[in-house]
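One structure, pasted below without further comment.
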């Protein structure tokens, strides 16, 4: 059994939609369990994130998928507070060789989302994790990876309700990434 | 009088379309002259770019705008060969304090184009240049900056003819960047 | 008169050392005034930064220099909370055409510091600002830019006392960047 | 049996030193074979790389490690010409799920080397590969990862002879990365 955990911050619920799709995709792989965890502003005191239970869930996971909206060109401050709170795990090499992936949402098609994905990658590398992205080229009938992002999954959403955006193609992109992470997590655990 | 030079590589003509729009925008500023220069594969011998006339034109420019399609996640090799050939100017600080900007084209909306713009920025910083991007938010009637890119101008084009893609909005985005570079080049020269 | 403001977060005081050097360098330029502002965790509630006085000081500045330690491969969460709080200025294009620069500190020579500087650049581009970096090549007797960073100033400091690290060369690098920003701020205001 | 191939360009031999160390580390893992391949300027015609034999070797590899000096803030043009020539494999998803890693060398401690590693990562993601970096923190007696780079291996070398630079610590860093890639290649093949 492999455990894939999606840890994410969502400001208005759009990013949670992709988190759910990812979890659904991962759990569709036989032998894989998935869970979605949220970063809450209530756990941030003076800019520092404090929630040992969340970190313990991640310690117990085989794969960790990072998610956040792109705010002002990077991951939300709430996500970064979480990331800074993983310094103890970094120091102890606690997450070494775990699988990692990422996803992000913003209002425009490109919109510096790649910068957020590159940050997730950099964080994963500091932890000695192994990174897998979105292999699909954006030339398919279903619209999978329609925005053209390989480093991780991108979704687009502005002020629309969360049942409208991110759209079905973006959610399918996240679901496929979830399946891939599930398959690879099993393989790396073998 | 300020001189704005657009130096670019174009594989199929789409990137040249944005180069022309940029030059048009720059030349629309009173007191600014602009020119478009091309990087030709004929000037690359065994991976090394050799064309002193092009480099001399850039030496004489107040602003240099870098352009290339995004190939395999970065600037085209032909552009990189040109960039490597500027090492002599780098060593002599020959382009210090010149103004810089950049633009790129690829087939999908996001498509790692930000990585190409970040490379142009990194190159400009090595030369001690000053960087200006696209200030417009992508929420306007004309479609200026519709893809959502502030570090430089992005255009989208796949296999379409060059009179179709990049589209009018992308060309207007480049034109506006050209105007901005023209104005700033005058100011920095004063 | 031009005003250069250094806005920064510092966890242990090392980053403040570079902030002070930058301010000193900027104020050495005739016609330039400089000030150092700090981001305090006390102003962050549930991950959101709230300090209108700080933002008003930045509104009134001709140049804004961003500074933060590099934590877990990016700017400190406290800095990111500040950055997210500038969304109102972004929406109103309030900082368009201001000059921008950045600096960061971490324990190892390279250490993903470039990622933090690239984030500052991305933030500045979202605001439509103009970016200037460190033009010096790292081959000089004084050790200016000894780490080899052109996108912004880098300093190195681990657990050493703040009177030892960042060292004299790193502080001189920041001071020179301050002078440059001062000169350019005057020119852009003219 | 797993095959780890190091494909690299080297201008003055320093980067080849790290390639050799990586190959040595990979081959030290039971069940792993390694080879070092070079990108030659002789195979680049007008900026385009043409060597089908090299590409066929990579098709047959379980892991591909990318290496290049950092020239003007990014991979050498010769490496980029090679990268552009992999577009056919990209289109056919030929390298999907292969393991990937990277290394680079430049004259200063930081020196935009991270940008080159990020490019290698971006290239690998376009191919749907899986990325592994350097997990060691730079706080160890042997000097492994002394420069502080997790996304890939960094070495430092300027004009020194190749038996002096990159130094023993940098070569050991590359060797350890080779071992890791060997172990992971076996696991992913299982």
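Letters A, B, C and D mark the chains in the order given here, with residues in each chain numbered from 1 onward.
We take it that contacts are C-beta pairs under 8 Å (C-beta built on N, C-alpha and C of every residue); 3 or more make two chains touch, one makes a residue touch a chain.
What you are looking at is a predicted structure, and each value in this text was computed from that prediction instead of being measured.
S.K.: Going by the average position of its CA atoms, which chain sits the greatest distance from subunit C?
M.R.: Greatest centre separation from subunit C goes to chain D.
S.K.: Consider the two chain pairs B-C and B-D; indicate the one with the greater count of contacting C-beta pairs.
M.R.: Between B-D and B-C, the larger count of C-beta pairs in contact belongs to B-D.
S.K.: Over half shared or under half: which fits the residue numbers at the contact of copies subunit A and subunit B, same or different?
M.R.: same
S.K.: On a C-alpha centroid basis, what's the spacing between subunit B and subunit C, in Å?
M.R.: 27
S.K.: Please compute the C-alpha centroid of subunit A, do the same for subunit B, then give the distance between them in whole Å.
M.R.: The computed centroid separation for subunit A versus subunit B comes out at 33 Å.
S.K.: Which subunit B residues touch at least two other chains?
M.R.: 73, 90, 112, 115, 118, 122, 125-126, 150-151
S.K.: Could you pull out which subunit D residues touch subunit C in their complex?
M.R.: Within the complex, subunit D contacts subunit C at residues 73, 106-115, 138, 146-151, 154.
S.K.: Please output the residues of subunit A touching subunit D within their complex, sorted ascending.
M.R.: Per the stated touch rule, the residues are 90-91, 93, 96-97, 118, 121-122, 125-128, 130-137, 150-151, 184, 187-188, 190.
S.K.: Touching residues of subunit B toward subunit D in the complex: what are they?
M.R.: Residues of subunit B touching subunit D: 41-42, 44, 46-49, 71-78, 80-81, 83-84, 86-87, 90, 112, 115, 118-119, 122-123, 125-126.
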